[in-house]
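These are the structures in question, set out in turn.
The two complexes that follow have subunit A in common; it is paired with subunit B in the first and with subunit C in the second.
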Partner chain A sequence: MKVDNIYKEEKKSAFVKLSEIIITMASRPSGLIGLSILVFHIILAFISPYIAPHDFKAIDPTLMLQAPSAEYWFGTDDLGRDVFTRTILGGRTALTITFFGSLIALLWGGLLGIFCGLVGGKIDDVVMRIVDAFLSIPWILAMLLIVSLLGTSTEVLIPALGFFYGKGIVRVARAATHDVIAKDFIVSARARGHSNFSIIWNEIIPNVRDAILVEGAMRWSWMLLGFSSLSFLGFGVSPPTPDWGLMISNARGLMSFAYWAVIAPIVGLSSLIIGINLTADAFAKALGIDRSTKAPV
Partner chain B sequence: MLFLIIKRILLGFITLFIVSIITFVGTEVLPGDACTTYLERQAFGEQLEACYRRLGLNVPAYERYVSWALNAIQGDFGYSLSGEMPIKDVLGPRIKNSLVLASAAIFIGIPIALILGIITALWRDKLPDVAISTVTIFAMTIPEFISATLLILIIAIWLEWLPGIVIVPTDVSFLELLPNIILPVVAIAMIMTAHMARMVRSSVIQVMASEYVQMAILKGVPYWKMVFKHVLPNALLPAINVVALTIAWLLGGVVVTEVVFNYPGLGRLVIESISNRDLPTVQALAIILASIYVSINLLADLLTLMLNPRLKTLQIRK
Partner chain C sequence: MMTDIIQKVKNLSIGFRSKKGDEILILKNISTNIKKGETVGIVGESGSGKSTLALAMMGYVKHGLYTIGGECQFNSSNLLKMKSKDLEKIRGRKIAMIPQNAGQALTPNLKIGYQIDEALQLHSDLDEREREKKISELLNKVRLPSPETIALRYPHELSGGQQQRVAVAMALAGTPDLLLLDEPTTGLDVTTQAHVLELLNFIAKDTGTSMVYVSHDLGAIAQVSDRIIVMYSGEIVLEGPSRDILKKPIHPYTYGLLKSIPKLSLAGLPESMPGSQPQPGTIQGGCSFFDRCNFSDDNCKNNSPKLEFLKDLNTSVRCFNYEKLVNENEVSQTVNKIKNKSLDKEILNLSEVSISYAKQKLLDQIFNRISDENPTVKDINIDIKKGETIALVGESGSGKSTILKSIAGLLRTKDGLIRFDEKRNLSSDLKERDPNDLRIIQLIFQNPDESLNPNHTVEEIIAQPLKLYFGLKGEELKKNIIDLLQKVRLGEFYMSRYPRQLSGGEKQRVAVARAFAAKPDIILCDEVTSALDVSVQAAVLNLLQQLKEDFGTTYIFVSHDLAVVRAISDRVAVLYQGRLCEVGPSNDVYKFPSHPYTEVLLGAVLEPDPDIKPKLVAEDIVEERPPEKGCSFQGRCSRIVGDICKKEIPPWQLTDSGNAIRCHIPIKELQKQQF
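== the complex of A and B ==
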């Protein structure tokens, strides 16, 4: 009976804690701006297929490169497609892929980092050498190689991005684990005879969770940057799927006559990246972690 | 001290060794090989056999790795598939061009980042800080290809001040290159400066809050003397490592920027060789870019070690 009560209280307090964090985030102007941009983009990603005024892949040669008008709010592109429709649809793929990619990165990077920090010794040395080696291969080269050989489907992109953006989390999780591992409660858990698994689950994860979550949030924005760079280079999603990176790269050649076709996706992508970044920053500050001293590895 | 330096250099070499294995295995296990891509539909029977023999692909993988690695150490990366040219001849001018671009951006970026970082830290939460920090957040988060595209649109197309696209042969001389690289350098320097300025800012703020700085204030040390003598030396040291990591990370961004400006550097070679499935060149590029990353980090570590007397004694005591 008593145990039940304790569990209920913990559950409630986790929910309260989350809403407190969000309130703290929103109490700073930068956090409020970031959160609203992010929420706006997420809502837009859900409702855009229902509110799009035109067909995103309808090609009409008579409407090529029209300036913005009442019918075509952001003008049309080089194939006569409506830029407004394509812009509001352009964030869906990027958001979905990078969101699930970040989840994968968080999971494997966090768990491997905690494991290495806990066991230490030879295994730790070997794993960290390999992680260092992967870190020193530029992400763009590795990603380009993978997608050019395995294709650019979602099933390839999500695990590939998740893997490559997770290796940095290994380091953060390992360092955070090192910080808690020498504390008394770990020593006493060992003395009580708990297994490694139980120590990781009950003692370490609650203590390193904040640091890893903040890292994951930051990584989300870098992954979005990486993903849209891939699309821009022609190695991301394939046409005619509306995607901001792809739209910018298509419209770039014609921007001396039709700047609207390039400005609209630029605003869309920049605002989303800034939104995620400000949110992640505010999240870090609300949890009392200073992000700005860390390099984007 | 000497032992530490040697250990650090050895670790760098081990990292590079693992990188070479990763890239070799990576290009090996992925479907298709150099010959099937090169011959495309004619990849069967006699022709395939001939190609394997010509490129030496008929020997076991580990033997090929050993011979490839031994040659690579001497700077010989074999032949590129598409051009049938020695890879080192392809790489030479590209490396030079990319180095010009990156070092120009670093030399412009570091002083500006220092000044901005110090201003924002000393006037923390006041108007200069808020204004500069807002700009740096934008410069830092916006992808390189967007800032580069906007620069071309505004400076080259609307204002017509500078050429928007670099149209020069790969082996152009430095003076001819100069007017062409201004926009790419600005595009790279912007994002790099923003990253570094933010690190300098938080580093200076941390030191300003420390006890010995409070002590100096209480003792009545003049403000600027205190800033330059007590705060900056201590604040900038930890920033070195982070700056190195940032520069290394931006190698990826340099690739994208080079493509936007059509700049004949390593970045465009990355894209070209991957599009052509020129795996020998890709392997060479991976090793070279990884060595750049490792040596930048090594340099930063050694610099921190040499500049910080406390770290020396600390390591010896260990």
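== the complex of A and C ==
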């Protein structure tokens, strides 16, 4: 009769936990919207090559800057290419590169942050100084340098983006580790004689994982913006591959008379960024992490 | 008559909405009056709603909670319906509050005088001159030495007790009619506690301010209140004159509570109360105390009792069967006598142990040595017998935890030897201990919230030592875990739970199970019951005692609560500033406190009995560091004999019963002057 429902909660499999988190996320309007947008973009990225009505690189001078019509839903650009086709394809590269970039950022940022939080003292100081020094360089300058030296291939872009967007994660991981390390269960594990590896793996990571994942999700949306800026500047994806940043850059001069060519990629890009942002926020809330109390990075 | 009442709480209900949308009550239909000049104590365990009630008395409802019904009338206007602009005029001026840890909540980078001045500007109409005078007046009133210099200090330059006094001074700045105090002495040292309460008593009498004390500590409440309100899961279960409630409680909860609090005068463990307070929103009709009640019958299961006012006793009680208790005599405490099975065999020996926190110079670092002329802990010599419980007592900062850390290998000693089982020397450096050395000594910590990994299930927590030391796997591992859970009186179904799904007492049991999983010879207990509710404390102590008798384990028990130490320990070592003052059998130390410091400590204990007043011998000054020369207690000793105490380290003197005392005053004389 008097059993409290929270006392009945049992250990759950990871799958059940994940689905519960997603359900919690979707139970708020903002979370639901964010998730829907994100899922929509991901699905689109997978199926767009099969549903694209036109060839994305087919140039047709006779069709230059056509207004939206039944045939060309979003009109055509200055080379007569179908804007709809290019828009639905334009997120694929960005999404893929930034997704893997974020994974790399999570990995190195998370590990370095945990390491610094764990060792503390001088080493921590020195490493954090270095990270701070890197933070103070405008990342876009550094990126331009890297890209101009090594080219704009995926193999260059993913690790480079991953590196620059991992710096913020180092901070969060370090702070979270600092909080955990002071707790008695760590002292207890040390006193029992567990190895450092076991302490990191069993005691620390489960307690900092959530904070790091949320930060990673946030970084993903920033990275998307960053990557698109690179494309916009001509250092990201090379033409004729459709890409929102590139499309916005090409069509921005036509804004006054062919707005359709620029509106569509802008909507695509901003909706994806908003979607990821809302999702990350809902994710944080569902995990019970209050981002507002975390120091801005 | 109405004017007599300063605060009238009427049918107050406060609650929140659960995730599922149910209304969950934190306070259930509370009605009570606070009269002018009266001090009222509100006692209850954590989660009973006592702080929520106190906050409502100043028109404040915590974020996330809302008022469901009822009112709090102050000067015949309902605070809970008042506009925030009008409330601002009342708060601080008419009603002031000293929140929990108020001392620590002082702004760290502002001088004391400035902070009090701010409070004065806000809550009074004095001009600058008058305020200046008032500041030193207030500091004087809270008995801070030399107000002029204190006013120029920063909070961190004051001791905990002094900070608390400043908080009191700030609360008095607006000359309030009603002062609310939330756990005003929790977290302070015994000696400081007694001094602060005595001061508050004096202020209440001097100014005629009505005071409402909120505390879980019946000992503190007993010293200050005229009337006591006992709360249990959001309801008032008993309300009446302080003396009657403490001497002849007629509600089963209060009765059981008083029985489960260890007393200084009694060796042995008090009887424990089963179970723990139900979570809000889980009671489904019937009396909320039903699960734990020794006086219940079928009626209690289905009907909830009303608060009934008994005119002849001037007491309100919420119980169907209170009559059974009316005829009981005073709370007669029965204790489970400790079976002392300690052998004569030495299990751990500390000799000449010194520990330093001083930052080491480069040269010392290179040679891996520690140099510090005046280390935090010095000259510790104790030998601990197999199967005994030895307690380390002393004020905060006396080095109790520091010594435990070195024994556990978590903190390097500067000098000295730690010898196990008469032959093996243990290094105080973890890395130099082999796994077996690590296994034989286990730790239990103060706060199970901190010592259990929130992301591990109970099963995973207890499995850790079993896997690490014995390499258990699969069925055997599981069997061992279930076994251990049974030993700490938890069912098998707890295995899959996370710490957040356990009550405080259950969590501490899991921590106990984890410690015993290693089959240790020695368990170090650092304040293991101080984070627990009073009614749960006795149960955990009894469990520890039972396990010890079953396994022959040796406990080294650190606690600031001298009554708890009295209850569980065979021997006591008294520490001041990292130096031993007295080591001896508990009976002896408690019956004839001989060392001047032991006398101070024991005198300051607050007992839940209005007839036992603390004796304030020495000042409650806190010393930053131990003195370089002479007796460690010289700075506060009221019996100091002169220069010799300042120059020479006092010798150990032995009494007939084997009590060792370190003081320059001859033993005969020490014992003569007892109070």
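Quick note on the criterion: the second predicted complex is superposed on the first by the 279 of 297 C-alpha atoms of A that agree within 3 Å, B and C clash if a C-alpha of one lies under 4 Å from a C-alpha of the other, contacts with A are read in each partner's own complex, and residues count from 1 in each chain.
Simple rule for what comes next: contacts are C-beta pairs under 8 Å (C-beta built on N, C-alpha and C of every residue); 3 or more make two chains touch, one makes a residue touch a chain.
In this text, all values refer to a predicted model and were calculated from it rather than measured experimentally.
Trainee: In the overlay, answer first, second, both or neither for which of subunit B and subunit C A:184 touches.
Mentor: second
Trainee: Is A:112 touching the first partner subunit B, the second partner subunit C, both, or neither of them?
Mentor: In the superposition, A:112 touches no partner, neither subunit B nor subunit C.
Trainee: Is the number of subunit A residues in contact higher for subunit B or for subunit C?
Mentor: B
Trainee: Just to be sure I read the superposition right, which of the two partners does A:158 touch: subunit B = first, subunit C = second, or both, or neither?
Mentor: It touches nothing on subunit B or subunit C.
Trainee: For A:129, decide between first (touching subunit B), second (touching subunit C), both and neither.
Mentor: So A:129 only meets subunit B here.
Trainee: For A:206 in the superposed arrangement: first (subunit B), second (subunit C), both or neither?
Mentor: Only subunit C is touched by A:206; subunit B is not.
Trainee: According to the stated criteria, A:262 is in contact with first (subunit B), second (subunit C), both, or neither; which is it?
Mentor: first
Trainee: Considering only the touch criterion stated at the top, classify A:38 as touching first (subunit B), second (subunit C), both, or neither.
Mentor: neither
Trainee: On subunit A, which stretch or stretches are contacted by subunit B in one complex as well as by subunit C in the other?
Mentor: In subunit A, nothing is touched by subunit B and also by subunit C.
Trainee: For a test of understanding, state which residues of subunit B touch subunit A in their complex under the given definition.
Mentor: Those in contact with subunit A are residues 11, 14-16, 18-19, 22-23, 26-27, 30-32, 137-138, 140-146, 149-150, 152-153, 157, 195, 198-199, 201-203, 206, 238, 241-246, 248-249, 251-252, 255-256, 259-260, 270-271, 274-275, 277, 282, 285-286, 289-290, 293-294, 297.
Trainee: Spell out the part of subunit C that touches subunit A in their complex, as residue ranges.
Mentor: For this pair, the touching residues of subunit C are 278-279, 281-284, 291, 408-410, 430, 433, 435, 438-439, 441-443, 445-447, 450-457, 459, 464-465, 468-469, 496-498, 500-501, 514, 518.
Trainee: For a test of understanding, state which residues of subunit A touch subunit B in their complex under the given definition.
Mentor: Of all residues in subunit A, those touching subunit B are 30, 129-130, 132-142, 144-146, 148-150, 221, 225-226, 228-229, 232-233, 235, 245, 248-249, 252, 255-256, 259, 262, 266, 269-270, 273-274, 277-278, 290, 292-297.
Trainee: Sort out for me which residues of subunit A touch subunit C in the complex.
Mentor: The touching residues are 1-4, 6-7, 9-11, 183-185, 187-194, 202-203, 206-207.
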